[in-house]
Amino acid sequence: MATMAQSISRSAIGLGLFAVITGGTIALTQAVTKERIAEQAARAEAAALFEIIPESAHNNDMLNDTISLPDAAVLNSGETPSAWVARQQSDLVGFIIPVTATDGYSGDINLLVGITPSGELLGVRVTGHHETPGLGDRIDTGKSDWVYQFNGHSLANTPGKQWNVKKNGGEFDQFTGATITPRAVVKAVHKTLVYVREHQAEIRQSLGLPLDRGNRKQRSAVASHLPEPEH
Amino acid sequence: MALVQQSSPHAHRARPTARVMLWVIIAAVPGLLAQTVFFGWGNLINVVWCIALALATEAAILKWRSKPVGFFLKDNTAAVTGLLLGLSLPQFAPWWVSAVAVFSAIVVAKQLYGGLGSNPFNPAMVGYALVLISFPLAMTTNWAAPVGLWQDAPGFGETLSTIASGQQTAVDGWTMATPLDEYKHKVGSHTAAEITVHPTFGSFVARGWEWVNAAFLAGGLVLLALRIISWHIPVGFLGGLVAMSLLFGTNADQYAPLSLHLLAGGTMLGAFFIATDPVSAATSHQGKLIYAVGIGALVYLIRSWGNYPDAVAFSVLLMNFAVPFIDYYTPPRTYGHHKARRGLPTRKQG
Amino acid sequence: MTQLWSFGGGVHPPENKSQSSSRPIRPAGLPAKLILPLQQHIGEPARCIVEPGQKVLKGEVIAQVGNGMGVPVHAPTSGIVERISLEPVPHPSGMSDTCVVLIPDGEERWCELVPQPEYRKLERVQVLALIRQAGIVGLGGAGFPTNIKLRPSVDRKVDTLILNGAECEPYITADDMTMREKADQMMAGLRIMAWLLRPARVVIGIEENKPEAIAALRQAAEGSKTEIAVIPTIYPSGGEKQLIQILTGQEVPSGGIPADIGVMCQNIGTAVAVADAILQGKPLISRVMTATGEALAEPGNFEVLVGTPARHLLTCAGVDKQRMSRLVLGGPMMGYTLPNTDIPLIKTSNCVIAASASELPAPAPEQPCIRCGQCAEACPMELLPQQLFWHAKATEFDKAEHLNLFDCIECGACSYVCPSSIPLVQYYRFAKGEIRLQRAEQQKSDRARVRFEARQQRLDREQQEKDQRRKDRALAAAKAQEQKTADAQTRVQDGTVTDERAGKSALVEQALARKRAKAAGASAERTEPSTQLSEEAAPSETFTPEHADKIPAAETAPSIEELEQQLTQAQTKLEKMQSMLEDAHSGQAPNVDKLERAVDKNIERVRHAQRAIDDAQQQAVPANGNAEPALSRTNY
Amino acid sequence: MWTNIIIAIAVLLGLAAVFGALLGFAAERFKVEGNPLVDQIDALLPQTQCGQCGFPGCRPYAEAINNGEAINKCPPGGEATINALADLLDVEPQPLDAEHGAAQAKRVAVIREDECIGCTKCIQACPVDAILGAAKHMHTVIESECTGCDLCVEPCPVDCIDMIVIEPDIRSWIWAPPVVLDKAPNEEPSATDARVIATDSQAETREASLL
Amino acid sequence: MATKTSREIIRDGLWSNNPALVQVLGLCPLLAVTSTVVNALGLGLATLLVLMGSNLAVSLIRNFVNESVRLPAFVMIIASFVTCAELLMQAYTYELYQILGIFIPLIVTNCAILGRADAFASRNPPGLALLDGAMMGLGFLAVLVVLGAMRELIGQGTLFADMHLLLGPVAAEWTLRPFADYPNMLFMMLPPGAFMGLGLLIALKNVIDSRIEEKRKAAQVETVSAGSKRVRVTGSLS
Amino acid sequence: MSEYLLILVSTILVNNFVLVQFLGLCPFMGVSSKLETAMGMSLATTFVLTLSSVCSYLAYTYLLEPLNLAFLKTITFILVIAVVVQFTEMVVRKTSPLLYRVLGIFLPLITTNCAVLGVALLNLNRNNNFVESLLYGFGAALGFSLVLIFFAAMRERIAVSDVPVAFRGAAIGMVTAGLMALAFLGFTGLVSV
C-alpha cells in the first residue's frame, strides 16, 4: 500500500510541478498580450465595416455605436440584429445592416449593407458564404469587383424591376454560369432597402433624427410602390 | 523441335481482354449516335479527342515506366476510358478540360496504381470529378441544348472550333441547363408543372436525354447478353435509385420524379458502362449488389440534396472507395462449406 | 429417371472426342522396354524386391507394399530386369524417380493366377487383400489405393456407390470406349464393389455425349437395380465432388471425403480392373488409354501395358513428329506436359495428346487481371479465383488459404475462361506447394524450439548441479581437513571410475577394429578425396571453413581483430588436440592416427592464422597509421 | 493581473495534481508484467538457433526485437521472416542486414563417420541436441532434427562435418510461380515469350531449349 | 541508441528523416494550411519555434520525469509553448491567425513534435535536442512552403500572394502571376489537391533518393564482411 | 431529433474529419496498412474521442469559463486527453489482455491525434451543448473510423499492385487519400452546417 500512496503522490506532485510552470508561462503571456489581442480582434471585426465606411469618413466609435433593428426577421440575420452607425461629428454618415441571403447556391450568404440616411447604398460586402469556388464565390471582393456595382444604387434611382440580374431583365450583372448566387445577393440587398424604407420611422427615431425631412424625401423617392422583383 | 511445357489447362476460350473492351466500345456506339443526333457533334468530337489523348498519354507513361507499350495499348482499355470521358463531358467543354480529365484519368487514377487492373478508382470518373471541381464554370455551362432548340445551329466545324478555341464557355444560344440541373434548382420554389415548361424537358421526360439514355440501355443489354457484364450491377444501380425514389415519395413538386432520374443525366451510361467497370467494382455477386445499390442510393441522395445535379461520378467513386472492404465481407460460400468465410484471416498466435 | 441436381460454374470446351472414339480399342503391343516407377499411387513408394538381371514372369510382383499406404507393382510382361535406377517419370516436375527397367522377352509368360469367381464365399477382408495385391489404384486420376477406399471406417456407411463414367475432359475417350466394349466386365466389377460396400443405391453417372456407351451400359445393367444417370455435358461434371452433387444434391464437406456423406465414387476403369483381379486373378498391368491429337494419323484407344514409354504408344497411333508441338499426359484441362516421349505411361495415365501447334496454341502472354469475374462464374467450387490469384501472386498465402485455396480442385475452368490468359492454376499450385512447405518448416522449427529449450533447461540444471557440487566439495574439503580418515574412501571411488573408463574404451576399440576391417578396401579411396579436399581448402584456410563458404570470393580481408580471434581459437584447438593425442598415446588408444592427423591439421591452421595476421598487419601499416596499437597488441 | 495569473496557475495545478494522482494510482493498481509479444516474435523466427543475428539463439533475438532491435538480422529466416515480423510489428520491412550474412539454401550437417574421433565437441555445440554419439565413438547427425545452423562444424578438430545443401526431390518438389513477363522492360513480347510466361517449374532450362 | 553527431541530425531533419516526407507526421497542418505560401510559412514558423522550445525544455527535464506522467508532462510543455505562440500571433498577426484558425492550437497534437520529444529530446542533451528541434522544424517548414507554393501556383496561378499578412506591408506587392489568364485549377486548393500534392512530393523525394543511392553504389564497394556479427550460441570455442 | 441526425451526417460524410477537415491524418496514414490494425485503431479512437469530447466540454463549461480562463483551454484539453488516453490504456491492459492486444499499441498514439483535440476545440467554436458535444465527438470518430477502415482495406489491395517504385508506400497512400477526398466532395451541400 505504501507503494500505491508513493506512486500517487509522486505522480501528482510531478505533474503539478509542470502545471505550475507551464500554467505560469501561459498566464503571463496572456496577461502581457491581452490588450493588444482585444484591440486586434475588434479591429478585425470592424474591417469589413470600415471598408464600407472608411475610417476617414467618420469619427465616431462605430463599433460601439449601434442601434437595434425592429421587426428584422426578413433580414434573417440573428434574433435582434443591430446596425452600426457612422457619424462625422454629429452628422450621420450612414449605417450598416447585417443581412443574410438564404437562397444562395449552397447555404447562407452573409452580407453587410451600408446605406446613407437618404437610402443610397454606400456599399455591400460579403462576410461569409459557401458558394462554389470558381463560380459563386465571385461575390467576394477578393475574387472579383462584382459587389462594388451596388454602390450608389437606391430605391430611388433604380426601380424595383431593375433589382435583378441582367438575365432576368434587371440592372445587375450575373456571372457566367452562376446566376443563382448574384440573384440571391441582389434580392437580399433590395430586401434590405425595402426594409429600411418600411421601418424608417423607427430607425430615424433611434438614430435621433427628425422624422419629417427624411420622411418626405424618402417618400418622394419611392413614390410608387414597385412590385417585388421577379425571381 | 522442343515440346511446349506449361501448366494446365492447355485449352483456352478465345475472348481476350482486348476483344472484351472492343465490345464495350461497340456497345457504346448507339448512345454516341443518339448524343450526336440530339445534341450535335460535340460528343463525337470529344470522344475522338479523348480517345486519341488517352492512347497517347498511356503510351507515354508506359514508356516512362519501362513497360511494353504496344502490348498494353493493344488491350483497348485506355480507349474505353477515353471513350467514356468523351461521352460524359459537356458537349462544348474546351479541349483543355478534356485533356486534364484524360490526363488525370490515365496517369493518376490508372498508371500510378500500376496500370490496368490495379486501379481502385474508376479512371474515367476520377477524370470527370476532378475537372468538375476544378473548372466548374466550363463544366456546367457547356451542355448543349437539344438540337431543335438551337438558335443558329452550329455545324461540325463550328462545334470543333468552339471546343478548340479553349474558351471557358460556349456561345449562349447553343447551350442550356440540363434537365436535372433545372429541376434541382427550381424544385421547392416552383411546382413540377412550372419547372417542366422549360424547353429542356420537351414533351416526354427530358428532351433528347431520354433517347440517349435509351440508346445506352440498349448497348448495355448487348453487353449483358454477351455476358461481359453481369446483371447485378445495372440492376442494383437502377434498383437502388428506384427504391430511394419510392421511399421519398413520388411527389414531383418535392423531389425529381423517377422518370427523370432514370432517363436524364448519366443514369444508363452509369449503370451499364461505368459502374460495371470490372476493375474498380466489387467482386462477388453479393458484393456487386451492395456496391451497385450503394451507387444508386448515393446518386439519388446527392441529386436531391447535394450540390451536384448529376452525381454518377461521385457516387461511383464513393462506392469504389468501399469496394475492397465490401470484398472482404462478401466472399461467396464455397462448395462444401457451411458458411462463407468473412473478414480477415485470423492471425495464428504463437 | 434419376433426379439430377446442378453444380455452380463449369465450362463447355470443344469436346474433340470423335477423333479417338471412332476406332475400337487396339492392343498397343510390347515395347522394347518397360519402365516401371515404384510409386504410381498416393502413399509410400513400393519396395523393390527384384534385382538387376533377374527374370520375371508376367504378373509377378516386382515391388511390394512399403511401410506406409500403397500397392504392389507387377511385371506387365515376362522378361529380364535390366536395372533399378532413377528414370524420368510422368510427373509435372519432369524429375526422375526410382524405376524398375524391364526388358521384355516377348514370351508373355504369365505367372500363376488365382481367379476367385466365388469371391462371395470369402471374407470381405480377403477380397480387399486380393484387390490390393492386384495393385489396383483409382484409375480416374489420383491413384488412390482402391482397397483402402473400399473399406471406409465403421462410422462411415456408404449408402450410395457412384461409378464415374462422366469423362468430362475433352479429347479423352478411354472410359467411353471401355464402357462400350467392356460393359459386362465393368458391371461385374461394380457387383464386387457393391458386395463389399452394400450400398443402398448404385448409380453410374455418364455424360449425355456418349450415346453408344449409354446404350451398352443400359444393356449390361438390364435387370439390375443399377441406375444409369445421363448427366448434362459440362466440364467438370466428372470431378468427384461435382458428380456427387449432380447425382445426390449433397456436397462433400470441405476437407472431408465422400464417405463422410455416405457416398463413394469409383472410376469405371477401376471397376474393370477389380473384376479382372478377382474373377481372373489378373493384377493391374495394363489399362485403356487414349492416344489422340492432330499429330497422330490414327488416333484411338489402346490397351497399354503399364510402363510403356509414350513413344511406343505414339508410334502405334502413327505420330508425325514434325507436327507435334506439345505432348500432354491427361486431358487438355488437367493434364500436364511431358518434356519428351521417353516417359513411361503408368496406371493413372488415361490419355496422351500429341497436339499440333494450331490445335493447342500457346496462350497469349499473361495480362493483368481485370477482375472481370469470368473465372468466378466458371469455378465449380464456387471460389473467387481472381482473389486467390492476387493473393497467390503477392505471396499472401494466409489470405489465399482463408479464401479456401485448398478447396480448389485445379480443374482449370478459371484459366480456361480468363480473358487475360493468366495461368491461374499454376499460381494456385505454387501457393499450395508453398503453404505445405511452410507448414512442414513450421513444424520443424517448433520441434527445434522445443529441443533448444529443453537443452537450455538441461544445461541450466547441470550448471546448477555443478555449482551445487562445487559448493558441496568445498564444504567437504573443509571437513576433510578435520577428518583425515575420509582420504581412503576417496581413493577407492577414484579407482572404480578408472575401471569404468577402461572398460568402455575396450568396447570402442573392438567396434572400431571391426569397422576398419570392413572398410579396409574403401579407405584408400577415401583418403584420396580428403587430401584433395584439404589442398583445395588450403588457400582459404585462414578463415575457418564455415566462414569460407559464407564470404563471397571477392570479399575484402577480415579485420585484424577477427584474425587474431581465429588464431587464438586455432591455438586452443591445437593445445587440446595435443593433449588428447598424448592421452591417446599413453592409453594406447586406437584413434592415435586420426588424432595425429588432427594435430597436424591444427598446426597447419595455427600457422596459417599467424601468416594471415602478419599479412594483414603489413597491409594495414602503410594504409592506416591507426593500426599501430593493434600491432603492438598482437606482437606477442 | 497577478490574481488572474495565480488563479490560472492554481486551476491548472489542481487539475494536474488530480490527474497525476489518478495516473499514479492507475500505474500501481493496473501494473502488469511480462509481454506476450516476445512469444509471438519467437514463433516467427526460424529456430535455427545459429546465432547469426548476434544473439545466442532465436529467443534472445526475439526479446531484443521486442526491445527495439532491428528485425532484419536473421539470415536463415531471410525475407520471409522479415516480412512476417514487419507484419506482426506493423513496421516497414527492411532488406536483410548483410553484416549478419546472407540467406542460404537449407542445409543439414553430415558427419563423415570414419573420420570422426568421437571427441563429442559437436554434441556440445549443437543447439538442438541433434547429434548422437558417445565419447570416442563415432557420431551421427539426426537429419530430421538438424536445423542446419553449422555450429558444429567449427569445433570439430578433424573437420569431418559437412554441411550438405538439401536438394529437392520429386516428393518435395513444388510448382514454381509462373514467370511474369511484366518485369521485362522495354520489350515487346513475342510468340515465343508467350510460352515462357506460362511455363512451369523448370523455367530456366526449358526456356533455353525453347528460344 | 548511439548518440548522433550534429551532422547526422542536420541531415536527418532536413532530408533523410524529414518529419513530413519520411516520418509522415504532422500531416494535418501540413495539408490543411498549405493552400498558399503565406499560410504555410506562418504555420511553419510557429511550428519551428514550438518544436525548438519543446525539445529544449523536454531535454532539460528529461531526467526528472516520472514514467507514469511522462506523456502528460511532455504534452503540457508543448501545449504551453503553443498557447504562447498562439497568443503572440493573435497579438501581432491577427489576420493570419484567423486564417490558420484551429490549426494553431492543433500544433499541440502535431505528432511530429511529441514524436521528437519522446524519441529524441528525452534521450539527448539540450544542445543536441535544440539542434534536432531546429532541423526537424526547418525540414517541416520547407515541405510546408514547397507544398504551399505548388498548390498556390497550380491552384490559383499565383505565388507569394498576401504575404503582407505575415511580413507587413512591404510584402504586399510580392505577388507573382506567372501565367496570364490562368483558369484556376481549383482542385489543387481543395483537400484532394493537398493530398495528391504531398504524395507527389514524397514520390519526388523517393526518386531523388534512389538516384543518390545509385550513384553511391556505383562509387563505392561493399565493405561489410558478411556474418561478422555472429555470436556463439552454444558454449565457447575452447 | 433530426438536428442530431444532421450532426452525425455532417461529421461523418459532409465534413468528414479526415478527408474534409484534415484532422487525424497521422494515424490515418500511419495505421492503415492493415485492415486488422485499422479496426483496432478505430475502436480505440471512437472510445477516446467520444469520452474526451465530453470531458473537455465539462472542463471548459464548469471550470474554465466561470473562472474566465478560456486561454487555458488548449493545455487543459490536451491534459484531459492525455490522461483519458493513458488511464484507458492502463485499465485495458490490466483488465482485458485480449482487448489490449487489439488496441494496446494504438492507444498512446491517440493523444497526438489532432482529431481529438480538434473536436474539443470545435465544440467551443460551434457552441455545442452537452448532447451535441457527445454526438459531435461520436460522429467525428465514426467518420474517422469509416474512412480509416475503408482506406486500410484499399491499401491492402494497393500493396499487391505494381505501383511505380517511387510511389510505393506513403506516396500512393496520399494519392489514394486525395482521390477519396475528391469523392467526398460529392457530399458538399448535403447538409449546410
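Residue numbering begins at 1 within each chain, and the chains themselves are lettered A, B, C, D, E and F in the order written.
We adopt the following convention: contacts are C-beta pairs under 8 Å (C-beta built on N, C-alpha and C of every residue); 3 or more make two chains touch, one makes a residue touch a chain.
These numbers were taken from a predicted model, which means no experiment stands behind them.
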Under the touch definition above, the chains in contact with both chain A and chain E are B, D, F
Via touching chains, chain E connects to chain F in a minimum step count of 1
With centres defined as the mean of Cα atoms, the chain at greatest distance from chain A is chain C
Computed over C-alpha atoms, the centroid farthest from that of chain B is that of chain C
Expressed in whole Å, how far the mean CA point of chain C lies from that of chain E is 58
Expressed in whole Å, how far the mean CA point of chain A lies from that of chain D is 69
Whole-Å distance, C-alpha centre of chain A to that of chain B, is 44
The positions of chain C in contact with two or more other chains are 92, 94, 336-337, 339, 362-365, 368, 393, 421, 423, 426, 429, 550, 573, 576
Note: chain E residues in touch with at least two other chains are 66, 68-69, 72, 76, 79-80, 83, 87, 184, 186-187, 190, 192, 196, 225-228, 237
Going by residue number, chain D touches two or more other chains at 4, 8, 11-12, 15-16, 19-20, 23-24, 26-27, 29, 42, 49, 57, 101-102, 127, 154, 175, 178, 181-182, 189, 195, 198, 200, 202, 206
Interface with chain D, chain C side, in the complex: residues 89, 91-97, 336-337, 339, 362-366, 368, 392-393, 421, 423, 426-427, 429-430, 432-434, 436-437, 441, 444-449, 451-456, 504-505, 508, 511, 515, 519, 523, 526, 530, 544-546, 549-550, 573, 576-577, 580, 589, 591, 594-595, 597-598, 601-602
The answer for chain F against chain A in the complex is residues 71-72, 75, 188-189, 192
Note: in the complex, chain C contacts chain F through residues 368, 390-391, 393-394, 396
Residue set of chain F touching chain E in the complex reads 19-26, 28-30, 71-75, 78-79, 81-83, 85-86, 108-109, 111-114, 116-118, 121-122, 125, 164-175, 177-179, 181-182, 184-185
Within the complex, chain E is touched by chain A residues 7, 10-11, 14-15, 18-19, 21-23, 25-26, 29-30, 33, 36-37, 40-41, 43-44, 133-134
